[in-house]
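Below are the structure tokens for one structure; questions will follow.
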């Protein structure tokens, strides 16, 4: 029989992306395009909720935005306002159940929620709600918010949402659609991004500004941490539902997650990455012939490294863009099969050369080991690995799917041990100071818990399956 | 109702890729991987024929290799020898009918054929064969070969194939599978590539060597123009079926088609492209701040241009890799929608800068015009377009899907007129001399008819629908 | 363009079927077979919930049991206990949302519910629950029961279910699966059937006994009206959760719905129907040459009619069993197209004959009119229509999908007017007295509200979309 | 893992059905309906070829007519003339390759062929044609005809077809579509039926007249054995292409294959079957309480048996109409699983009764054995099996898919041995004389080779896979 090989890249997996639009004809079509631009933030499921003031419809499906949203499906989503969500889900969770937007019908009317982030006290809240008779339909932390809103004694929705959010802890960039308004909310620490834009008469909100560029909208500003924006026919209303706390922007959005053409937390992502490469070249120089990125995410940092070091930049690894999820593998195993399916070494470029290989992270180390081996087998004389951030030592609890601490190679190995494991001639990581410097973070506004193991929220309970959003 | 937008890139479309393997367990699985590596040469259909000496099976389907070949389908293809084909097909031809390998059962036994190239006298031959009572099942030029083999008076297959090929004109890199052998043949001018490799005890043949790299095979040499290789349990037998003619290797394989990590006509493709960029920088310099490729194919030439000119290389355009075939478009049209779906400008990189935009061809000019406009709207101060080959003035008759002459913008416009049409501040093409120099083609071994309109074969009849392979 | 013709049979639509099994290896596979046997009770969606004591899984899908439950899907349902549901849904409700079993996770643990019947006070209960903060996920009346159970102050599940059912009104044959037990409940009036059977060491429950026959189980008895059976590893426990009320068994189960080989309410269905035919022959005799049923449901009554009257029984109409949902119709319309697709007259049997046409109901009259016309066009000399029950004058509120009162032809027309509309030479209905006599219903244990307009429950509110189960 | 159970009914498998129409708007839509009415003759694949005088299109697919022909597919078949084909295929042949109509492009122009029957000298002809250089695309005997037409020296098509048919032996009811005419041909012995009808200005041809009834066409006459009808804008032209031979109408069409509402070979099928039942009652009486058919095909004969014997007719077995191809079977096997999935005994009808079970054939005997056992387990006191034709002792070579001689239970067992094997209390077959008498066949116009082993054609070579049509 044929055995299939499941590709499992050893990257941190993407989280979720959210998009909302209010006041446009064919809002669902624009949401669909917005989600397409945010596809890199989650490829497992996609959903859109839309309203025309009377009807209130939700369509969700497993797969890519383009596959879920056929003209027929979009045709079922008329209206002037819509919110959408793309999601990365964990392995076992292949059903639609946890896909977002979550829709519900409660005493506050019809609601749909799209959430990027993770709540850290969801389990405790859920147990309490179940005890009172609430029934949960999903295993997602997001559903807790819906129940808190439904049970709130505050009559108006804005108040009930504020009441509910007052009880949750953790990371949330949240969109709520009702029959006639959108709420766009960001937690008081501002873990995850959420930007506001303008498209003619319509307001748009999105995880990243690249979603604005596609539809021709203009970036206005970010939703502030602790701010709830109510967007309705009456315009934009800013409600401060919680006192601002020390900002904790996710630094890894700039290092790896966000698209290089996005502006995130008010800064251009590509420029950050190029700067990381330049600082890396200063901190961890190498005597080499060419600088080669691990594509695609390593490209901007490699360009920075090359520019600063004067060593020529070359595309010595080519990424295959026809890649799927599973492959049929011959019985006589092919060495480093998974990496070869994705990355192709340009042998004549690498042969006989000393290579600086620039990547943005090492997770378990297994993929890096294979890439180094493949580059060496293609003829490289030396392989010097350079990582454009500090060693990742601790999992994220705020919306990124990371392996457990014990699986993170840097959590229990020295840099020299990691170098030996991956088989590089030398290995260098960027320092936390330089990472902060690249982002001009003098006030400590960024969350760096994955590099330090120090978490900004009090209690970390993650027994409730996070919705990975 | 929703209107869907069909993406139509204004590139020359890829042609076909062929792969064969003899003497390996699970030959079909290795063929599947070989085709995966050749996916860039044709995404419309994929097929594999395999034999175990007794059974002889063919499976073909519309779509990508991975989608067509599920474990169940591969399971129906047991055997030690297999040939495969990926195809680009023209718009109307959505049925499986013309997909390859073409299989048939004739007095010479069971045969399967996979063909890359185009025959130029297929129509004449077909009319003649039909007159004699032959029945054609496809509209493909390749089927003519099958009928000529079946009607050949020469008893043995090698002889019958030689007899048949003696009657056809044009371009063919051809694989033929029988129950116990593979024939690998290249036309006497060697238009299209065909390389031989070795995987342990097995022989492999492929359009490009990147197919060898994936499965761990080693490149041995090219099949020679006019050579027919018979691969059987007895080993490799080289038969010269036609006198060699002046070589006419397709120069555009190096400019655009082949994968940069392949060795084609004995030369590394990436190195060629980097050299094209360097020569372009000398011939068409520009005063600018950054060099930006049109990704992905423009990258190596842009690296060469940057290296030679000293102007920094930057990824100012990012390609979206989640792209599908059709998109739903809002009624309020989005400007340059098609280009925006594929390419995203990194605004903060382009803003205020003088940009050299490096691409590998201009076909109709419409896409280039949109890209230039998009780069300008993202803030570029000046846009200087540089093309890493001469103007394309005439269609290809040897296996590449090109628009008609009248649609090729360079066939009826001066460079200045093209510059004006695409809206660039300046436009430069590489000269034919430099293109030849980059390939060290002092003897005129390359076909350059798309740049000159001069064709190396006598009569060009293309009324029979070419199989685009 | 092609226009498609949607088949809409003018029958009362089937309702729902439920099946449960406890204490068998591969419980889900047996549930799948049980549902297959109950397929006639609902073809729109199918679902199974199963437990192995640890895992608790639900799989549901649109379509027939065999299409929804592939080996892969069944493989996701391990365990010793399972409940299943087949459903007929109304036109607009094509989504999976309302499919059953309904699953939920509440403070009483994980629950799955499968419901046949309709609650008559669901709307009022739902409004009340929403006011208290409950969130509804479906538009089904069944969900009300789940919320009442979750909010019950009674700690143990049996008590909480009894508490919940004490608040609902209407018809329910209900199965509830937990991690380690099944509850099988029937409302105090016993509207819908629910039978208990034995398969080796396992207990089975099903809407009809035909589900027992397929898997080789034996019929034991019916669940009593007002009885809740708790089936667990400890065996069968009978709990009377409500005082018995006057029985109101749905008489239409015997007339039309149930499969003839089932025992329903303790009586064989085929025998009932044959008896209806005999009584019909006595009450509404005809001078004719042949008795022809409208297949398949009219067959047993026609056999009875023929036996009693001495007029030969003939299959003068043949049902097409390859029938689908939609057909392409030519522009030049074909007369009585919909009926012709389903029923084929045997011309040589009908020609010149006086025909008694036996059917089990006339709903709107439009289909009957077409059948009569088709039989006449096939050559019948006279057409005498005989219906094996009284005129249907009022809709069902207890689980059967009927048109509104105004659409029921008998609600506003005399028998003579109906005869004229359908174009029959004569028309006869069975009297209510004979219908009752056939069922030996001397005590008024059957609900006959569709024939009388008199409803046994107090308040009939059906604004909440009934789940049609 | 789940094991799936493949239903394999022990009936002779249906053969093929053909339909043609000339001179109607939307010819393909009417062909689609005609094929739908002929669906019982083949459920494996369906195809339609159509022409509007300019375009000539063929669409074929695996599955039922309704599934293959969506509005989109029908939309690709414009024109005033069309032919269609439904096919039963043998187990391994799951590909589309052999589906009909076969289309080809030869020196006589574009042709499509639809064939019901089997050629008995196809292998010899094929070898000869291959030797001359013809290439075969299918393993179907029908393709031989295409090649003979293409190679015919006769210039006009009618002549070339006559020339080709002069070389073939065996059974064929054949339709050929060209750009502007339809040929309808029947072999000189008339093995398989082919009827002509009239629909307004259009001519229709079909395997059975039930296809006329659905679209409202009227039966005119049969195509005569040895007659070729050319239908064109000029009207109907009758060409006698071969001298008539002794007629050999397939008697099994009347016994089992054809639909009861069809007129086949000029006789009503239902009437024949009822008469078979009556004669069976006279030849093989039984002392019993009820007569029960094996539905659906056994119904008319059972009605005849009951009428003649005076024993009451009852539907003691009910056929499940939701049946699919494969079922998931529990590990603890269910006795007679396959039969139970299809047939449901009505226990209360059978209990304690002496049952005459009427069926139309016994093939291997395995299914009959299960049915008898199931009826007995449902309580029948005695089971008397009556078959409405003689024992089947020899395979068919003229278009019906039968098992090999050795698998036919009656080929090597006495009636008493068969009775013992199937476990019946008594077993009776109709005599060949009575079968002929029922068809008033005094001149020996029917082929009865399956009952006698005597074949009307000289040489029976079936090594070429018959196309089962």
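So that you can tell them apart, the chains are marked A, B, C and D in the order they are listed, and the count of residues begins at 1 in each.
Note that a contact is a pair of C-beta atoms (placed from the backbone, for glycine too) under 8 Å apart; a residue touches a chain by one contact, two chains touch by 3 or more.
Note that the coordinates shown come from a computational prediction; the quantities given were computed from them, not determined experimentally.
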Item to check | Fewest hops from chain A to chain D - one hop per pair of touching chains | outcome: 2
Item to check | chain D and chain B - chains in contact with each | outcome: none
Next on the checklist: If I rank C-D and A-C by number of C-beta contact pairs, which comes first?
Outcome noted: C-D
Checklist outcome for this item: Top of the farthest list for chain C, CA-centroid basis, is B
Checklist entry - Which whole number of Å gives the spacing of the CA centres of chain B and chain C? => result 61
Item to check | Gap in Å, rounded to a whole number, between the CA centres of chain D and chain C | outcome: 36
Item to check | Centroid spacing, where centroids are CA-atom means, of chain A and chain C in whole angstrom | outcome: 49
Next on the checklist: Can you pull out the residues of chain B that are in contact with at least two other chains?
Outcome noted: none
Next on the checklist: With touch defined as at the top, which chains are paired up in contact here?
Outcome noted: A-B, A-C, B-D, C-D
Next on the checklist: Which residues of chain A touch chain B once you look at their complex with the stated criterion?
Outcome noted: 1-4, 25-26, 29-30, 32-33, 36-37, 39-40, 43, 64-67, 69, 71-72, 74-75, 210, 213-216, 259-261, 263, 268, 270-271, 296, 299-300, 303, 307, 312-315, 318, 320-322, 324, 327-332, 334-335, 340-341, 344-349
Item to check | Residue ranges of chain B touching chain D (in the complex, touch as defined) | outcome: 104-107, 130-137, 146-147, 150-152
